[in-house]
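Order of writing sets the labels: A, B, C, D, E, F, G and H. Residues in every chain begin at 1.
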Amino acid sequence: MNHSYLEQLLKQVAGGSLAPADALKKLKHLHYEDLGFAKIDHHRALRNGFPEVIFCQGKTAEQVAVIFAALAKNNHRIIATRANEEMYAAVAAQVSDARYHSMSKLITRDSGQPSNKKGSVSIISAGTADQPVAEEAAICCELMGHQVIRLYDVGVAGIHRLLDKQDQFEKSIALIVVAGMEGALASVVAGLVDKPVIAVPTSVGYGASFNGLSALLAMLNSCATGIGVVNIDNGFGAAALASSIVRAKE
Amino acid sequence: MNHSYLEQLLKQVAGGSLAPADALKKLKHLHYEDLGFAKIDHHRALRNGFPEVIFCQGKTAEQVAVIFAALAKNNHRIIATRANEEMYAAVAAQVSDARYHSMSKLITRDSGQPSNKKGSVSIISAGTADQPVAEEAAICCELMGHQVIRLYDVGVAGIHRLLDKQDQFEKSIALIVVAGMEGALASVVAGLVDKPVIAVPTSVGYGASFNGLSALLAMLNSCATGIGVVNIDNGFGAAALASSIVRAKE
Amino acid sequence: MNHSYLEQLLKQVAGGSLAPADALKKLKHLHYEDLGFAKIDHHRALRNGFPEVIFCQGKTAEQVAVIFAALAKNNHRIIATRANEEMYAAVAAQVSDARYHSMSKLITRDSGQPSNKKGSVSIISAGTADQPVAEEAAICCELMGHQVIRLYDVGVAGIHRLLDKQDQFEKSIALIVVAGMEGALASVVAGLVDKPVIAVPTSVGYGASFNGLSALLAMLNSCATGIGVVNIDNGFGAAALASSIVRAKE
Amino acid sequence: MNHSYLEQLLKQVAGGSLAPADALKKLKHLHYEDLGFAKIDHHRALRNGFPEVIFCQGKTAEQVAVIFAALAKNNHRIIATRANEEMYAAVAAQVSDARYHSMSKLITRDSGQPSNKKGSVSIISAGTADQPVAEEAAICCELMGHQVIRLYDVGVAGIHRLLDKQDQFEKSIALIVVAGMEGALASVVAGLVDKPVIAVPTSVGYGASFNGLSALLAMLNSCATGIGVVNIDNGFGAAALASSIVRAKE
Amino acid sequence: MNHSYLEQLLKQVAGGSLAPADALKKLKHLHYEDLGFAKIDHHRALRNGFPEVIFCQGKTAEQVAVIFAALAKNNHRIIATRANEEMYAAVAAQVSDARYHSMSKLITRDSGQPSNKKGSVSIISAGTADQPVAEEAAICCELMGHQVIRLYDVGVAGIHRLLDKQDQFEKSIALIVVAGMEGALASVVAGLVDKPVIAVPTSVGYGASFNGLSALLAMLNSCATGIGVVNIDNGFGAAALASSIVRAKE
Amino acid sequence: MNHSYLEQLLKQVAGGSLAPADALKKLKHLHYEDLGFAKIDHHRALRNGFPEVIFCQGKTAEQVAVIFAALAKNNHRIIATRANEEMYAAVAAQVSDARYHSMSKLITRDSGQPSNKKGSVSIISAGTADQPVAEEAAICCELMGHQVIRLYDVGVAGIHRLLDKQDQFEKSIALIVVAGMEGALASVVAGLVDKPVIAVPTSVGYGASFNGLSALLAMLNSCATGIGVVNIDNGFGAAALASSIVRAKE
Amino acid sequence: MNHSYLEQLLKQVAGGSLAPADALKKLKHLHYEDLGFAKIDHHRALRNGFPEVIFCQGKTAEQVAVIFAALAKNNHRIIATRANEEMYAAVAAQVSDARYHSMSKLITRDSGQPSNKKGSVSIISAGTADQPVAEEAAICCELMGHQVIRLYDVGVAGIHRLLDKQDQFEKSIALIVVAGMEGALASVVAGLVDKPVIAVPTSVGYGASFNGLSALLAMLNSCATGIGVVNIDNGFGAAALASSIVRAKE
Amino acid sequence: MNHSYLEQLLKQVAGGSLAPADALKKLKHLHYEDLGFAKIDHHRALRNGFPEVIFCQGKTAEQVAVIFAALAKNNHRIIATRANEEMYAAVAAQVSDARYHSMSKLITRDSGQPSNKKGSVSIISAGTADQPVAEEAAICCELMGHQVIRLYDVGVAGIHRLLDKQDQFEKSIALIVVAGMEGALASVVAGLVDKPVIAVPTSVGYGASFNGLSALLAMLNSCATGIGVVNIDNGFGAAALASSIVRAKE
């Protein structure tokens, strides 16, 4: 509960301009819209810098569409992650300018006026198979209003490919490193720059990668500093963190 | 290898002001000092924003002291983590203004002129037992030149303690959340602010906490956004990431 | 074996009103009906407060139907969990008033007279994707004769949604908290009330949630007190525990 | 934040009997006492039915003593868990009627008038080595005001020992089952009674018990119903849950 | 290499009745038939008491059929485990009296004269869902020449069902206990009898059963004695061990 | 509860030779002696073929001594496992002919008349470091009345050492294979004989042996048949299973 | 970056035969071809002894075909691993002499002149189900220019099958051992020879094999020496290591 | 069993120059010396290229000394790994020229004539804390007769330190890479060279390194080729593999 808001409310009540019962109601109903099966948090844009993002996995196509449409009433930019084609069809029937990204499994909408992109984020991925997660991060960063530099397929087994590109990524405000298998790329990149590095382990690999555990542990145990790790395959989460870092710069 | 440096070097060689053999030598011996058992990376301050930090665990007291002394020749501020009393004694014999922090197991030196602290970092911990890790983060942040706001013992079982302090921490550029057991504090804090949150799981707990695994997994799987996770008990790592975020702001 | 029952039996035998051989038979055949592949425990309602519940996973549709029909002879209310459409078809062919709940995968029958609901149980879930498990708990609680208060989609990333509803759930006799991902909701709820909290981790999440392990560990390691944890996705188990708590109140 | 309390506060502010600034202060400072390194939650007795319990592990002896003494000012009954002899010495120096239980590692204080014990809790343990955890649960239950029935060393390898005692434990309002190794006792007990069973896995065992993981998993996967599981070796947690169940009965 | 066989061979060589080269060949080609992709071990019946059993998983239907047919030339009784319908079709085309058991996924052939069954093995399973594994064990035991007593659906949640049958199973030479979930049945049975108990954990369960890990650990950590554990769902392995125990009795 | 015993009891009651109250008492007090903290199961010798064995880990030295002395009143042969020197001192003060085996951490007593050893058990261990566990098995087997053949340090890295001894072990009724590290010895031995093989994984090893997990998994997944696995380092458990197999032979 | 290459470049620059800007360009664009989604490392043949191998898993069929075709321009021999039929169709449309190996899921091309095979590698597999992985290793070894000796289905449960073939494999320069389940074959083979053994755990098995973890741990913990382990099911990786060992011999 | 040896033996027997009984004895007693608790494999030098190495962990000081002395009778060079000071004292009392290496916990003896070192092995370690394991590998390599190039403290966080040394290590026949934490060094090195790389994960790290699991998984999942992994902290194992590779070159 926001402190200054509460102070102001109390002053209004004290001044008689707001009845206690009404104040109570405000405190209760202010923050979200109740759809029954979901409570849409319209104030998240205020509180967290971006409208609530829809995590589609485990929801029905219908639920996704209802939430998407509800958000569309108040927001120009919307993101739904881990969506399939069926969910997109349901959404598109209600929000005509929604768009589906099949590689990254995102449904997005970007209906606002083109804004000036603020702050650059580099997205560096180890192999071609890591690209879906990298793209999830990239598209989310763009929708959140940032410039994105994409550097894909620069894994550590051919380290010169990465070193060659250093001048491209070392000027970004934040870097997102996407890697599966042994996840070593995060350590190498973090050793080269003086910028926050967001490491995204992917489930790319097999056998003893244990669906991304290998890369996850590697990134958490990096001998390099300045690394924050997000969940396996969580491209969106990396973008959200990068965005909050870039906005901290403003 | 720094791109512009390489370009300049090549120009000097082309201009004849630098012999190829000498250029080669420069490329080789430039970056670090070789102590035999360790190679001190004097350029890390340039590259990563802070001198190389000594990870004491697994080193002998003598090794720690030699590295500390070598760093002390070129740096005002030095940090050694996971140090014990014996290591400190060895260091203090060579670097008289080194200081030991018994709770956080740090040896530090801060011999430079008092600098203006830049940017504030809030450090929020769940329980009293998480304090050693929180202090490791706090002291490192201070040595790296930042203001620190400490909010300790505000675990989620008494959520009002945290909500009361929201106005204190919501203005920091970055927040470090330190929690063991179920690690829920990171999610709650990240839901309240629009700032990057660095989550530090601790090994506080017992039984099915499996030495911090419980808090680690919880933080990686947070339903809130804007969280980057570091290794279990890695207060220093959190500070380094926070510092790189604050400096990105400059 | 029930003590007082045994005492009475022995007295009857001593008094000659019961032959030893007959007593032996009673001890053997009293408790269940043998269907060959399954032994139906008709006395469980007496012993455990509710007829034996059919766990459908791993059974054939035919087996489910035979057991369901056998139970239907002696019980008004029946629950079969983790059932699919095919199993329901087989059951419905024999027990016409059976009903299928597709979201929660339950087959139920409630043919008795409407009873007064005794005691209220609040069921609080973190996200929309947790709803199938929450509904499994809710429907089972209702069949077991209790009032149910549903509070869905009140995850900790928007803590005000939960705090707003506190007056609704804090008066229940027991609370069931259903959450996947980091499972933090259980700790926050248990910190707010002085009532037994039953925590149900769900497999909602991905990557390092490891199919619910993350939420499970978080709930077991809660810093709040008064929490009992059941198996991942075990909505029925939570309902059974809640019911036994409510009945303990009678 | 308590709803009715907030309503009342708002009314006072509206009526002019409370200045907005004072109301704000109340909201902030009401709930706890700040010791610097710890924030004592004096309202927890109101909110959770028992004063805050001190988890000693990871705290210094001095910290334990300061918190204990602070609690002693307002509470007759105090519990500190996982305490060692040194911590007790520090506490006893300040709170003379504190008592140490060496087997269960508890420091307790029970200075109030003898109260009538309300509601019985049975504590059933599998082996002699499980006794420290069972005693932690038992002593905590007694301090929380309940009658305790102790049934120790009745593991499933000699099932008749348990069956013989069924008439003793089947009348309790709640049962706590403490078992290590394969943890089968919880399933067997829950199959015999129609009461909530709180299962406490212990770290008793070796090899593939993996410090209690074996018993923990067994209890979570019980084929019997009505079981809530707490953390490994968490006798106190079991007592707190049992107490909340018994109080729900009042 | 069999010792007495080797001794005899050496004597023949010494006596001149066997040329060294021939002896060498014998040592090489004696034991198996090479099918290229597989080497059939015809002497296993001698060495291990039963012909080589075909583990079908990971083999093509054609490979299974070729091996089955090769074995059929020298053996009356054959077992192939983890076979599907397609594999059976391929086998039946070559060995007309092969039979498929759809529940237990076995292909068997039993073309010899009916033999007197030697020694009884009790097979006790916890729930209906454990039956496929129990049947795999039962059918294999029968083919290996033993009497089988089946006691299914006698899980520990209704312990009286098991106790009632004690006189049936306590006279067997060996007992096979098949259970998933918490696997407690093995401990209870082993506590009741003075016979070797072979425990088969099954993957029946969900959530924290982790595909049978829960039952496996429980059985390995049993507080009862006289239990040997086989792999999860390994009904055949249990039968093979039971058979070797029964034959040890002869 | 033994069936024939119960039948006889009922007949006595029916015949009037036993009063119901006395019968009830018998049923209750027959089976064990209650020491308060422990219940000694004097009938286990009848039921399980050997007196209750004391698992010392987690017990105090005093508790061990009291139980040992209580057993000594009715039994010639007693085994206490995982005992330390202090426990032995406490036992020896009460039972003068108790003996301590420092390598295998056993306290034993063997005061009866020398009996004819029945049935041979081979104990085969992989390395010298596995010897303590092998000896625990060996000594227990001897006390249980069996001949023991010891074959130590015959690991698979030098397979000829094992093959040379085949004629020694292949005639035993049961074989116990004790191995740490990769635990391959169990598979190789089971491939050579047609006898039940009891596999004991040990915690010998380091790194990725994860305290015996490596050997445990290997033994459970053996491609050879006729293997039953016991817990890591559980030499006694192996002996108890071997003994039950040998007795099955009688 | 190759040292002598760098030296030569610097000399050219010093001699004026190469402009600094051109040298810079060379350093940047030398090593790979950028396809947008992938960067083909044409110098890997130089650096790692074989052209870059395409890991198909997680790539689209189109991506595989584009990369394959790009490599085909400069290389006679190409390998793509973990490919499916669809990927092969896409490749074959562009590179007509590509070939698909359905068992080992490889797409290969071998268009060069037949070369003399250099050095022999033995590939020894435990069971028929391990053959796909063994074949992946075998075919890769052949394409890399080495002779391959295949010894399949010689698992340790029938150790004589392996011992009989010892003279075949003991003369190879390197041995690849492929085994699932308990993975014991690696230890036994390494104990028989004085050659580097490359151990490939496979996911063959079930239950507690945990998809190859069992064999992996066994191979890492082998009591035999001279073993290097690769990832589960990684036949190609084993071949690459074997090839580097054979070439080291040249 | 060596093939040609067996052939020769059979010929002698055929020729009458060797009695069958004597041949049998030879086959039995040839290969090792039986010390009771250990069987020394004197032929291992023949078979595996180096005398049996003593793994001291889990052995008593006396056992180590007896085995060491027995080996000393027939071998100039001896290695005992994981030895402590007490073991060394016991060894030194019997073998006066034994030497203790306190950092790497080795007892060695090198009493033979100085030999020409054959083949070079580079040992590259990531951090100072990895040095004990690196030294274990280095000293063992030297005793096995190879030249060793040591490159310590060249972790990937400062990649230029490694690149600078490339010309030193790229000419070795085999490379050993020793790294804890995220273990990324193995991937980077293997990407730079065309030589077999032996990766040794170390237990250096904390928290989510889980005692070396992190580095182990990373190395197994490397995106670079030509890597064979040994057990965590297994410096000796790496040396043995390197030695077998170098000897394969001869």
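Brief remarks follow.
What we mean here is this: a contact is a pair of C-beta atoms (placed from the backbone, for glycine too) under 8 Å apart; a residue touches a chain by one contact, two chains touch by 3 or more.
Note that the structure is a prediction, hence the values are computed from the model and not measured.
Counted by residue number, the contact pairs of B-C are over half the same as those of F-G, the matching pair from C-F, F-G or B-D.
Look at where the CA atoms of chain D average out and do the same for chain H: the two points lie 53 Å apart.
The centroid of the Cα atoms in chain B and the matching centroid in chain G are 40 Å apart. Centre-to-centre separation of chain C and chain E, using mean CA positions: 38 Å.
Those residues of chain A in touch with two or more other chains are numbered 1, 27, 127, 158, 163, 191-192, 207-209, 213, 216, 220-221, 224-225, 231-232. Contact between chains, using the touch rule, shows up for A-B, A-C, A-D, A-G, A-H, B-C, B-D, B-G, B-H, C-D, C-E, C-F, D-E, D-F, E-F, E-G, E-H, F-G, F-H, G-H.
Across the interface of their complex, chain C is touched by residues 126-127, 155-159, 163, 181-184, 187-188, 190-192, 205, 207-210, 213-215, 217-225 of chain B.
Every residue of chain C that touches chain D in the complex is listed here, in rising order: 1-4, 47-50, 53, 163, 166-167, 173-174, 191-196, 198, 216, 220-221, 224-232, 236-237, 240-241, 243-245, 247-249.
Partner chain G is touched in their complex by these residues of chain A: 127-131, 152-154, 158, 160-161, 163-164, 204, 206-209. Per the touch definition, chain F reaches chain C in the complex via residues 6-7, 10-11, 13-14, 16, 19-20, 23-24, 27.
Partner chain F is touched in their complex by these residues of chain H: 1, 27-28, 31-32, 36-39, 41, 44, 55, 57-59, 63, 67, 82, 201, 203, 211-213, 216, 231-234.
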